[in-house]
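Multiple structures are listed underneath, in structure tokens.
Below, chain A partners chain B and then partners chain C, in two separate complexes.
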Partner chain A sequence: MIEVKDVRFTYPTGVEALKGVSLTIGDGEFVAIMGQNGAGKTTLVKHFNGLLKPAKGVVLVDGVSTKDVSVAKLARTVGFVFQNPDHQLFSETVEEEIAFGLRNFGFDAATIEKRVTWALNLLDLEEYRKTSPFMLSGGERKRVALASVLAWDPKIVILDEPTIGQDHRQKENLRQFIVHLNSQGKTVVVVTHDVEFVAECSPRVVLMTGGEIVADGEAKKILTDTALTLRASIVPPQVTRIFLGLKDFGLPSDVIDVSEAKRLLVDYLRGG
Partner chain B sequence: MFVVAVLFNEFIPLAVLFLLQLPFVFVAGVKREFLRSLRGAAFFATIIFVFNFVFGYFYQTYGGESLLEYSLTMSLRFLVLVESFSIFFLTTSPDHLGLALEQSRVPYEFTFAFTTAVRFVPVLAEEAQTIMDAQKARGLELERGNFLKRVRNYIPILIPLIVSAIRRSLELAETMESRAWGASPKRTNLYVLKMKLGDLVLVALTVAFLALGVYVRYFVSIPSLTQLIPGFFF
Partner chain C sequence: MILTGPSGCGKTTLCRCFNGLIPHFYEGELKGELRVAGLKVTEHQIFEMAQRVGLVFQNPENQLFALSVEKDVAFGLENLGMARDEIRKRVDWALQTTGIEDLRERAPHELSGGQQQRVAIASVLAMQPKIMVFDEPTSFLDPLGAQKIFEVINDLNKKLGITVILVEHRLDLASRYADHVIVMDSGKIALDGKPREIFNLETTRLLGVGVPKAVRLWGLLQQSGVKVEGVPVSSEEATQYLREVLKR
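Right, the complex of A and B next:
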């Protein structure tokens, strides 16, 4: 469980990135932290694994303050997948890359062997076991980075902008994968400004702007609230935008899901 | 300043040089960065001091007190050198340096390599920080362990950094070529450096200062600190 209590944080450059943020994420939750660039999303999640320590306030991970523990120790519980996999990849083979984290945490050789195979299969990378990570395509490298973090089975997984630069099929695979992770009891936190992606997963949404949380709740409620989305400078999903314009026809405007939208329209067109 | 500093072995002239450069720091408004570079230099200065002191003692070329002075002087000389370099780099923007080199007819490939290298240092530094964060998040401990282990722990940082630097330079080459870099041997610059009267005066002053330094070194005997103040140190 992650508890954020009135956290303030200012970067050395003087930018006040978090202006008193409070939040609780329970075990097994699926949360999307949203907001436009500069809202403070990445700054906030970097507090979850101790990369950043709050200037004021406190962040508790399973009851322990992040100020009291090193990042490496927190990483055992909180896995953080960075936006750019090239910032992490350095090994000779994908196998080595995945084993890196496991070795750091002191797993014995037999367990490492098992976990590596598990992670490779989980992300469909077994064929690349002995390949150099640098030879892989962008999407494949992202999967390697993801596998290397999941290998040590952290309770909480944070993904920073996982959909950036991915084509539609990759995004869909990723979405299914994230839902699968969550269904296994892992707490999943996704930082994203990809509204369409969030609309398809419908997680709990924490909306940020200007270093503060402006909304926290159901994706459906938040993404269809025009005043809120305007304030946070995000654009509602396309489906929502269509239905917002169809209010005069008696159709509901709190729609984010494509299949629900289809159903409503079909009903309406059939003369319902 | 650099040349004059190397000329001297004595404490007092070096102390003078050190103080002389300080006004430049204030004028240029780079006080904070200057202090930072001094802090880094202090480490090496202490090493120099210790080495000189220890070896001087064993070879017994100097007596007890003047040995102390000598070691101090050598450290001070190092500081003066660092000071002058530091001021130079803190006040000269790499662009101007590049321009100066270019206008002195150094081939453009070299000046470009130089300015680009300098310009990308902060970029690489920031990237190194990100990489460190990413690897720390995978359990990499950078603060613990004996010396050897700590050095090895930096490999996961260096490799991504080098790979990204190479990749970036390749991308840079491509973008530059797409903008016709090197198409024509003649280049026009937006800014052109001109020798102004102030510059000429400064050059003249520098030459004069150097001459003065040489004179003082070889023709004027300066009392060492120990002679001036007996019992200064003990």
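Right, the complex of A and C next:
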């Protein structure tokens, strides 16, 4: 469980990135943190694994303050996958990259071998085992970064903008993968401004703007609130925008899913 | 024109051919003929091509480096040895066209992602190219920021007559502006046509292209036996069509 209590954070440049944020993320939850560029999303999640420590307030991971544990220790529980995989990758082969974290946590050689193979298979990277991460495409490097974090099986996984640079099919794979991780009990936190992606995953949405949380709730509720989305520099999903123009037919306007949209329209036309 | 297709299909490689980065900068073997803005790319150097074809990248941070916005926008022109007055005029015009005159004195690295992307566009626009190529110009921007950039790009096309090639996966926001869509797959052009035609093809979906949700909705409605006409490429169009259908 992650508990954030009235956290404030100011960068050395003087930019106040978090202006008193409180939030609780329970075990096994799937949360999307959304909002405009510069809203403080990445700053907030960097507090979850202790990369940043609050200037004021407190962040507790499973009841322990992030100020009282090292990042290295916290990482065992909270895995962080960066927006730009190049900030994370450095080994000569994909295999080495994935093994690195495991070695640091002191796993034995046999376990490391097993976990590396497991992670390679999980993210469809087996054929690149001996390849340099830097020979791979951007999308593949992102998968290597994800594999290297999942390899040590952290309880909580944070993904910063996982859909950037991914094509439609890779995004769909990623979505299924995240949903699968979550269904196995992992806590998943995604920082994203990809509205259509969130509409398809339908997680709990935490909306930020100007260093504050302005809304917290179901994706369906938040992504269809046009005053809120405008404030957070987000455009509602295309399906929502279509239905906002059909209100006078008595159709609901809180629709984010294309299948639900179809069902509502078909029912209406059948006089249901 | 929107250029789309799965990662690794050759979109960026093709774009690099348009301004001569291929074959003059990237090594490799090039066959066939490339003629851009009337010039054979193999016979003209990058600086010549760059005056005709401007490239704007995904991440503006990779493109901006000067200490002020103004200097960044002037850089390409200075390199061409252009007269000072002309540079001033062009810089003013490019800043105005992209709506960032007020950022003139600011340092690019202090700006937001959306502002930086506008600076990157202005610095390419200042060269007054006939063709502008945008390689996923909004992927780092929030949706409203992305929409604003698409509007700037659309104005360059509609008001200034610049040919725009947009490499894009986010078709929900970009499709409404396009006259033409090309889908690449495995190093070849797989589909080529008008957005409505291309998005409505089953092949497009099979190639893994994320067609706009409005088009998906149309497909689902047709499968359920609802008679819908046309193919909407924006939410406004879809709403308008659906209102007709619901009234019947």
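As a convention for this text, the second predicted complex is superposed on the first by the 269 of 272 C-alpha atoms of A that agree within 3 Å, B and C clash if a C-alpha of one lies under 4 Å from a C-alpha of the other, contacts with A are read in each partner's own complex, and residues count from 1 in each chain.
In this text, a contact is a pair of C-beta atoms (placed from the backbone, for glycine too) under 8 Å apart; a residue touches a chain by one contact, two chains touch by 3 or more.
Small disclaimer: the values here were computed from a predicted structure and weren't measured.
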For A:51, is the partner it touches chain B (first), chain C (second), both, or none of the two (neither)? first
What is the contact status of A:137 with respect to chain B (first) and chain C (second): first, second, both, or neither? second
Quick check on the superposed pair: does A:71 touch chain B, chain C, both, or neither? Answer first, second, both or neither. first
Of chain B and chain C, the partner touching more residues of chain A is C
Contacts of A:261 with chain B and chain C, given as first, second, both or neither: second
Taking the contacts chain A makes with chain B in one complex and with chain C in the other, which residues are shared? none
What part of chain B is in contact with chain A in the complex they form? 127, 130-131, 133-141, 143, 155-156, 159-160, 163-164, 167
Which part of chain A faces chain B closely enough to touch in the complex? 46, 49, 51, 70-72, 75-76, 79-80, 82, 84, 86-90, 100-101, 104-105, 134, 148-149, 152
For the complex, give me every residue of chain A touching chain C. 35-38, 137-139, 164-171, 193, 195-196, 230, 232-235, 237-239, 241-242, 244-246, 249, 258-259, 261-262, 265-266, 268-269
Touching chain A in the complex, chain C uses residues 5-8, 58, 112-114, 136, 139-147, 169, 172-173, 208-210, 212-214, 216-217, 220-221, 224, 226, 235-236, 238-240, 242-243, 245-246
